[in-house]
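Pasting the structures here.
In the two assemblies presented below, subunit A is common to both, partnered first by subunit B and then by subunit C.
And now, the complex of A and B:
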C-alpha cells in the first residue's frame, strides 16, 4: 500500500493524532529546533542581535574543563544511582511479591510515598536531616558513637555526591520497585508451584528461576532509570545548588548556570548553554534510542509476539 | 504576582493590618503621605511593577495599595529574586509584555538598555523635572549612568552608601568573649579569637561565626570589603571597577589585604569556629540563625537591622565595622557615583502608563516620599536624600550603621562617566567560570590550596576576561581603551567629584 493510500484509508486515525502532534510540536520539537538554532549563535538573551557563529560554541565546549567535569559528574551520578536503585528495588519487589507477606501493601505504599512527594520538598527536608547542626542523621551517628564530629554531608566536596546519590536512590526506589513488581506479575503461578515441589526456594528460586524469566524487563528498566538519573536538576538545586565549588554540578546545573544564573555580573550565554543542552540532549536521545532498540529486539525474540 | 485592587472594606481592614505590621517593624507610627496628583490618569488603569523585593516589598506593597485606592487604578506588584528578574524582564521586553516599571537584571547596564530600546525617558511625565532633580544630592543623576542625550532613564532613589559585610553580633556572646566591637573595631586576630571563644562557650549549641556560604556573592563581598578596609584600594562593585585599583587599573586579588582576609576565613575554619554546614547555607538562612542564638557573629548588611528589630525585638545585637588588619591600617570602601544600581527604576519603552510612573517616581524623589521610605525600610536601603535620613524615625542601630557608612565609605571614580562607550565592554564581559567568589569558596571548602598561588591565577583569569571584553567591544565599534580605567588623581580617602574627571 502506498503512503497516499495508507493516509486515505487511515485518515480518521491520523486526524485523531493531530492534537497530540500539535502539542508535541509546540512543546517538544520546537524547543529542540530552537535550541539547535541558538546553539549556533553567540547570544546573551538580553540583546536583539544574535551573532551566527556556526559550531564555535560546540568547539569551545569541547575545550571547557568545567563542562567536561559536569558531564563526568552526570555519568558518575548515573553509575552511582542506577545499579543501586535497581538492585535494592528488585530485592524489595521480590520480598513484597510474596503472597504470604500480609503487610506487603503497607510496605509498598511506604516505599512509594517518596516518589509522589515533590522533589524540592524532598531536597529541602534532606538538607535539614543531613545538617551537621542538630541534624537527626548526625545526632544518630554521634549517639551510637560512629563519629566523634558531625559530618558535613553536603558541605564537603568528598561527601556531597554520595549524599545526593543516596537521597536520589531513596526518593525513586519506589518507582523502580513498581516496574519490577509488574515484571514479577508475568511469572506464572505454575512456575512457583513447580519450584515448590522441587524444594527450590530462597536465593535459588530468585536467581535460577525468577530472574531468568524477568530478564527481558531488565534492559527496559535499566534504560528508563538511566534517563531519569540524568534529569536531576530540582533535587540538586534544592540540596546543593551545584556546590560546594562545582562538586555536585551536573550537566543540567551547568546549563542553567551558564544560561541564567551567571555569577559576578557577567552576561548570560544562552547560545553556549544551548550548545551544552544540545550535546546533553543527544546523549539522552542515544539512551532513549537504545531503549527503543531493546524493546524492538525483545518483541522479536519473545515467543508469541507479532514480530 | 500580587494584584493590589481591593474593595474599600478590605482595603481598610488590610491597611490596618499593614499599619500594625509596619509599626511593629519599625517601632514607630507614621502619618502616611501619598503622591501629589501630577498627571491625568484614567480610572481603572492597570499598572505593573517589578523589583527585587526584600525590604522594598514591605514598603511598596503597602504604598501601592494606598495609592491604587486613591487613584482608582489597579497596581500589580511583583517582587522577584534576581535570577527571576534576569529572565522575566528580558523576556517581557522581547514579547512586548514587560512590566511598566522594572529594575534591570544585575548584569545589564542602563546604557545598554537604552541602546537596545528597552526603556523610555520619563522627563515628560514629571512636570518641571529640572527643579525636582535639584532635590537630589550632587552626582545622583549623571550622563552615561542614568541620563542619555539629555533625557532621564533611571530613577536613583536609594543611596549607594552602604556595604554588605559589616559586623553584626550577639551582644551577650561577645561580652562573654571579652570584646566590645562598638568601642573600636576588632582586628583580624581579635575576630578569630572572639569566634573561637564563642564557639567554646557554645559547646555545640552555638558557634562563633556564620556565613551563607552557598550564596557565592557572600564570599566575594566579605573578602573584598575586608581587603578594602585593610587598605587595598579598589573601586566600586561594577565590572569595570570591582577589585581594580583605579589608580593603576590593575586587579588587586593578589594584594596582601585580600590574602589576609582569606587567611582569616581559613583560620576560623581550621579552629572549627564556623557554623557547621555554613557552606551549604544561603544568606537568608545564615541570617535567620543569628536571632535564634545559633551563631555569635556574621558579616552582613544593614537590611538585617530593621528585620531583626521588628521580628525579634528580644534579640540583643550590636554592630560595628568589619574587622581591620593587625597593623591598624584602615582604608576606605569605595562606591560608584549615582544611586544604588540594583534599585534604579526604569520605565519600559512600550509602557503606556508613563503618567502613573511619573507620579510615583516624583513622589519617591521628594523629601516626603523619602522619609516615608526610610520609615519603613530603615537603614537597609537608605534613602538617597540626606534630609530624609535626618527626619526619618530610625532606630539607634540604624542611625549608628549609617554613621558608620558615612565614616567608612567614599565615592570613587566611575569609568562609565568618563566614557559611555565602556558600557559596551560591560555588555561583552564574561566572567571566568572559576571566578573570585568561587575561588574563595573553593579555598575555604578545601578544594583549592595555596592562597597566593590561587589569587595570582585568579588575577590572570580576570585580566584575560577583561581584555577579551575590551577587544570584543572595540570590534563592535566602541572607542574604548583599558587605560580609561586609570584615574591617577584618585585618592581613595576622599570623594571623587564631577570636577575630578
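And now, the complex of A and C:
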C-alpha cells in the first residue's frame, strides 16, 4: 500500500489524532530532542550564540559535585517520601472506606485540602509555621518543653530535608489516598460479606483479604507517586530556594538555577543545564524501562492490573 | 471466635460496632483538625490586622480586618491573577481532554500504520520531568511569539501534562466491548459520530478523571508559569503571584493569607462537588 493510499484509508484516524499529536509534538517530543541538541552546546543566555562543544558539558557534569549532590538529593527525596506517603494513605483509605463511617466525606475533604492548594501557598505558609521566630510549631514545642531552643527547621542544613519531606508528604497524601480509595472500590461487596461470616475483621481483614485484592494497583500508584516526587521544584523553590547552602537543592532547582541564573552576577548556562536535564532524564528513563519490564511480566500473571 | 488481638481492639476494647465507629470518628476528627491547622491559621491570619497577627496567637481574630482581602484583590493584583489562572485552567482542560480523548481512542482501538511507533513514543515520555524540557518550551513559545500572552501559557500547560492522559485513555478505550461500535457501523453511522455518541459517553469515568487531574495540574503548576511570566508580570497566575509576595523585603503576611485563601476557594468547592465522581471515575478508570 502506498503512502497516499494509507493516508486515504486511515484519513479519519489520522485526522482525529491531529490535535493531540500537534500538541505533543510541540511541547513533548520537540523539547526532548531540542534539549539533547542544546546539551551539546555552550550557550549563555537566550540571546547569545550557541557554540557546539560536543560532550564537554557531560564531561564537566561528571566531575561537578554540586550536580551529583543534587542528583542524590532527588533520590533521597524519592526514597524519603514515597513509602511514607503510600503506607499512611493506604491505612487512612481503609479506615475511610468503612461504610458505617458517616463523616467519611468530611474527613476525605479535609485530608484532600492540601492537594488542591497551590504549592506556592503551601510553601509560604509552612515557612511561617516552621519559622524559629514566633512560628507556631516552635511555640508549641517550647510550651510543652520538648525543646529548650527554637529549631530552625528550614534554616539548618541538617533539618531542612526532613522538614521539606514532611511537608511534601502532608501536601500530597490526599491524592494517594484517593487512588487507594478508588482501588478499594473494586473490591466486591461479597468479599466483605464472606469475611464477616468467617468472623475476619480488623487488621486480619485488611492484611489477608483486602490487601491481596488491591495489590495489582500498588505498582500503578507507586509509579505515579514516584514521578510526582521527582517534580518537587515548586515546593522547594517556595520554601527554601534550595538553601541553606544548597542543602535542599534537588535536580530541578539545579537546572533552573543554572539555566536562569538566579544567583546574582553569574552567567546563565543553558547548554550545561540542558545537559544536566538530559543526564537525569536518561537515568530516569533507564529506571522506568526496568520497571516497565517488570510490569509487563507481572501483567501476564495478574490480569486486571494497570500500569 | 476471633480472640487474636488487633490494634483497634487494644485501643477500643470490646465495644459494640457503633461505639467503635464513634471512637474512630472522634480520633479522626482530632487528626483532621491538626491536619488542616495550616489552613485554619491561614484563614484566621487573613482576617487579622498586621499588628494583631504577631500579638495574638489565637485562631480567633479580635476584629475582622476585611481590608486584607481588598488589598490582596486590588493592590496585589490577585483579581487579575485569579482571572489569568481561570483562563489557563479552563482552556487547558478543554484542550487536553478533547485532544487526548480522540488520540487515545484511535490509539487504543484501531490498528493502522504507525500506531506502535506513536504508542511507544508516548509511553516512553511519561516519566520525563518538567525541568528537562522547560528551556526548549520557553524558547519555542518565544519563537512563536506566544511567550507574553495567556494563549501561549495555556498551550504549554496543556502540552506538558497530556502524555499520561493519552496512555490512560488508550488503555480505557481498548477494553470497551466491540459490539456497540460494530452495530453502529452496520447502521451506517460515521466514524466521528460513533466516537461522539457511542464511545465517548462510555468513557465518562475516564473523562471525569482527566478533567479533575488537569484542573489540579493547571491550578498547581508553578515552574512553567514562573518561567513564562518572569518578564511579564501581567500574565502571572495565582501561584506565581503569591510567590511574588515572598520576594519583597517584608512579607505582608495578612495580605498574603487573604490572597492564598482566595486562591484555594474555587478548587475546594470543585472538589467537594465532584468528589464522588472523582473517586468513582478513578475506580472505573483503573479497573480497565
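Here is the rule we go by: the second predicted complex is superposed on the first by the 267 of 307 C-alpha atoms of A that agree within 3 Å, B and C clash if a C-alpha of one lies under 4 Å from a C-alpha of the other, contacts with A are read in each partner's own complex, and residues count from 1 in each chain.
Keep this in mind: a contact is a pair of C-beta atoms (placed from the backbone, for glycine too) under 8 Å apart; a residue touches a chain by one contact, two chains touch by 3 or more.
Remember, it's a predicted structure, so these values are computed and weren't measured experimentally.
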{"item": "Dominant contact partner of subunit A by residue count, subunit C or subunit B", "value": "C"}
{"item": "Which superposed partner A:260 touches (first subunit B, second subunit C, both, neither)", "value": "both"}
{"item": "Which superposed partner A:152 touches (first subunit B, second subunit C, both, neither)", "value": "first"}
{"item": "Subunit B versus subunit C as contact partner of A:285, first or second or both or neither", "value": "second"}
{"item": "First, second, both or neither for A:47, with subunit B first and subunit C second", "value": "first"}
{"item": "Overlap of subunit C and subunit B interfaces on subunit A (superposed complexes)", "value": "46, 127, 260"}
{"item": "In the complex with subunit A, residue positions of subunit C that touch it", "value": "1-2, 4, 6-9, 17-18, 21, 24-25, 28-29, 32-33, 35-36, 38-39, 41-42, 54, 57, 95, 98-100, 102-107, 110, 112-113, 118, 121-140, 142, 155-156, 158-160, 162-163, 166, 171, 191-192, 195, 216, 219-220, 222-223, 226-227, 230, 238-240, 242-243, 245-246, 251, 253, 256-257, 260, 263-264, 267-268, 270-272, 275, 278-280, 282-283, 285-288"}
{"item": "Residues of subunit B that touch subunit A when the two form their complex", "value": "83, 86-87, 90, 94, 105-108, 112, 116, 207, 213-214, 216-217, 220, 238-239, 275-280, 282, 294, 427-431, 433-438, 441-442, 445-448, 465"}
{"item": "Of subunit A, residues touching subunit C in the complex", "value": "1, 6, 10, 12-14, 16-17, 19-21, 23-24, 26-32, 34-35, 38, 46, 95-96, 98, 100-103, 105-129, 134, 136, 139, 170, 175, 178-179, 181-183, 185-186, 199-204, 217, 220, 223, 227, 230-231, 233-234, 237-238, 251-252, 255-256, 259-260, 270, 273-274, 277-278, 280-281, 284-285, 288, 292, 304, 306"}
{"item": "Partner subunit B, residues of subunit A touching it in the complex", "value": "44-48, 64, 66, 127, 131-133, 135, 150, 152, 154-157, 240-241, 243-247, 260-269"}
